[in-house]
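Here chain A shows up in two complexes: once beside chain B, once beside chain C.
Presenting the complex of A and B:
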C-alpha cells in the first residue's frame, strides 16, 4: 500500500489555511487517503476536523497512506503539498 | 492551555447579522482582553476572504493572516457563541473560536477542539453552553 512520511512545512502547522488547502486537495483525489502522526490512529485526510485533531505543527512527521487505483499519485501529490510552506503563499 | 483561554474571553450570548459582523465581534473580544491590537481585526476579515475558517459542526475559527502576527501581543483564544446562528457562507455557525497566535501553542487547543467536535454529544454541549466554566472544561479535558 503506497505510504509516504513527510515533515509538515507550513509555518503555522497543519491547521487554518494550510489545513483547509490540504483537506480540499485530499477530497479531489480518486481514492481515500489517510493521515497519521507517529503511532496514533490514521484519520481521513479529507476531514477537516480529523486533520485538525492531529495537532501537527511545523516539523511534525506525518504519514500518508492510500490504497487502490491512483493511490501512489494521490499520496505523492498530498505529500508534496504538506512539505511546502502553504503560509508563505499567503500573498 | 489555561492561560490561552480565560473566562473573560468567553462570550456566550452574542448576536451578529453577518459573518463579517461576527468576525468583528471576535476581534473586539481579542482586543478587549489585550491579546491583539485593533489592526488584527482587519487581518481576520482579510483571512476569511481568502479561505473560510469554517471547520464543521457549526464552528468557525477566525484568525488573522500570517503577516498580522506583529499585531499579536500575546497568544490567546476567545470563544463567542451565537445562539441564533450566523450565516457563514451557507453554513450555520453557532460558535466562533477566535485565535490570536504568534507561536504555535494554540495548535494543541485546536486539536482538543477538533476532538470535541468529532464527538456529537460534546459538540452539542459546546454549541449550547451557557456557562463559561463548561466551555473551559470541554476544551481542557482532551
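Presenting the complex of A and C:
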C-alpha cells in the first residue's frame, strides 16, 4: 500500500490556509487518503476537522497512506503539497 | 422619542434601524425518544443551511482574512466525518442538536490540547456549533445579522469572532450594553471608523427595526426617530467626513504650534489609502510573532519591517519591540502561567529570561532601517525604572539604532520621568495601560470603565509630569494610547506639552481639525483647567463647558 512520510513545510503548520488547501486537494483524489502523525490513529485527509485536530506544526512528520487505483499518484501529489510552504504562496 | 446614555468610544454620528446580534441558541432538554431517520435528515438539512449561509458570507466578506476563516468553517461544516459522528450519536439516542454538540466537543478538546493557533480557533468551532444547533431548531443564525440594508448593530458585547468582516458600509454604528472604552468593540470601531457607544444597558430594550441615532463622542443614543431625522443625521455625518477627508498636512494649532499626528499600526496594511499621515507613532510588532511555535527569523523580520518603512519614505516610524506576556502567550518564550499576567513577565521584562528574542529583533530593525529612508525610532514596552530604560537604550545603540525611547505605561516610570529620560531620547505614553496600572483596574473589565476614563485627573497628572520632564530635557514626549484620538482630549494633551499624538489613522482628520481650530495658548488654558478638575466630568467641562 503506497505510503509516504513527509515533514510539514508551511510556516503556520497544517492549520488555516495550508489545511484548507490540503483538504481540498485530498478531496479531488480518486482514492481515499489517510494522514497520521506518529503512531496515532490515521484520519481521512479530506476531513478538515480531523486534519486540524492532528495539530501538525511546521516540522511535524506526517504519514500519508492510500490504497487502490491511482493511490501512488494521490499520495505523491499530497506529499508534495505538504512539503511546500503554503503560507508563503499567493492566491 | 427616548434618550439613552452610554459611553462614546468611536466618534461620529449615525442613524438607522436597530438589528441585534443574535445570541447563541439555548440547547433544549434532550428528548426521551427520537425518530432516528427524522433526526438524521434534520442534521443533514442543518449542515446544508449552515454551509450555504457561511459560503455566502465568505463571498461577501470585505476582508481576506475574514473570508478565509469563513471558508475554513464551511469545510468543517461539510466534513463527512462530522456527519458520521453525528449519525453515530443519533443512533445512540441523541437528537440532532445534541449530536452536533457531542461530535464537535471531541474536536474542540483536540484543538485545545494542540494549543497555540488551534486553541484560538476553538471560538470558530463554537460558532459553528451554535449555527448548526440554531439551524436544527429553526432559530435565527447567531452572529451579525444581514437584513439586506444598512443598520445599527446592537449587542450585549461583541467578541472578535462576531466582528470578523464587519462592513462599515452596512453597519452604520455600534451600540453595546457592556464593554468599555478599551474593549475589543471600541478598538475595532475606531479602526474601521464606525461610530460606537458602549455601556448603554437600556439599548437591549429597543426592538429590532426601531430607528435610533448615536453620537460616538458624547455617548448619547436616541430611539424612535422619524425617517427624516435619521436621514439628516447621516447626511450631516457624510458632509463632515467629506470635509475632513479634504484635510491634510502636518498637525498644528491655529497659531502654528506643530504637533505631529501619527498613526498606530500593526502592519503596512493598517495605513489606509487617502489618509495623510506624518508618520507612525506606534508600530506594534506582535503580529509577526503570533501563531508561531518558533520566533520569526531575522530575515523574515527584516522583510516585514522593510515593508512598513518603504511605505513611509523620509517619515518617522516608531517601532515598539515585542510586547508579549502571559496575557498574550507565545509558545517559544516558554512563559509560565501566572496568576496575574498583567503584573507579570511581559513587555521588556520578557528579555530578562529570553534576551535572544529582543536581540534578534533589534538587529532586524537596524538592518531594515539601514536599507530605507524612514526615520526609525525604537521603544520598549512595560518599562518601570530608569535602569531598565538605560539598559534598553544602550542595547539599541549597540545594534546601531540611533533613536531609542521607552513607553510610559507603569506609574513608577511616569513619576520618575525626568530620570528615565536621562538615558533615552524620547518617551511615548501608552494611556490605556497607564490607566489600568494607575487605577488598578483591568482594561478588559467593563464594569470599571469609569476608572479607565482618560479624563481621570490622576491620569492627567501623570501625563503632565511626563510632559514637563520632556520639556525640561528638551526631548519629545508623545501619547500613543487611544485617548489621543479624542479631539477634545488631544487639545488638553497639547496644552500639557505633549509633542506628538499617535492614533488609529482614521482618527487623525478629526484631531487635525480640532487642533487647527484652537491656539496653543487656548490648549494650555484647557490643560490647566483639566488638571485643576476633581472629576472626569469636570475635566471634560473645562474644554467643552
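The rule is simple: the second predicted complex is superposed on the first by the 89 of 91 C-alpha atoms of A that agree within 3 Å, B and C clash if a C-alpha of one lies under 4 Å from a C-alpha of the other, contacts with A are read in each partner's own complex, and residues count from 1 in each chain.
Going forward, a contact is a pair of C-beta atoms (placed from the backbone, for glycine too) under 8 Å apart; a residue touches a chain by one contact, two chains touch by 3 or more.
As the structure is a computational prediction, the values presented were derived from the model and not from experiment.
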Practice task
Tell me which partner A:13 touches in the superposition: chain B (first), chain C (second), both or neither.
Solution key: both
Problem - Partner chain(s) touched by A:46 [first = chain B, second = chain C, both, neither] - result: second
Practice task
Mind working out whether A:28 is in touch with chain B, chain C, both or neither, as first, second, both or neither?
Solution key: neither
Completion exercise
After superposition on chain A, the chain A residues reached by both chain B and chain C are 11-13, 15-17, 20, 48-50, 52-53, 55, 57-58
Completion exercise
Listed in rising order, the residues of chain C that touch chain A in the complex are 68, 71-72, 75-76, 79-82, 107, 110-111, 113-118, 121, 291-294
Exercise for the section: State the interface residues of chain A toward chain B in the complex, per the touch definition above. Expected result: 11-13, 15-17, 20-21, 48-58, 87-88, 90-91
Practice task
Give every residue of chain B touching chain A within the complex, in rising order.
Solution key: 47, 50-53, 55-57, 61, 63, 65-67, 99, 101, 104, 107-108, 110-111, 113-115, 117-118
Handout entry: Sites on chain A touched by chain C in the complex
Key = 11-13, 15-17, 19-20, 23-24, 43-44, 46-50, 52-53, 55, 57-58
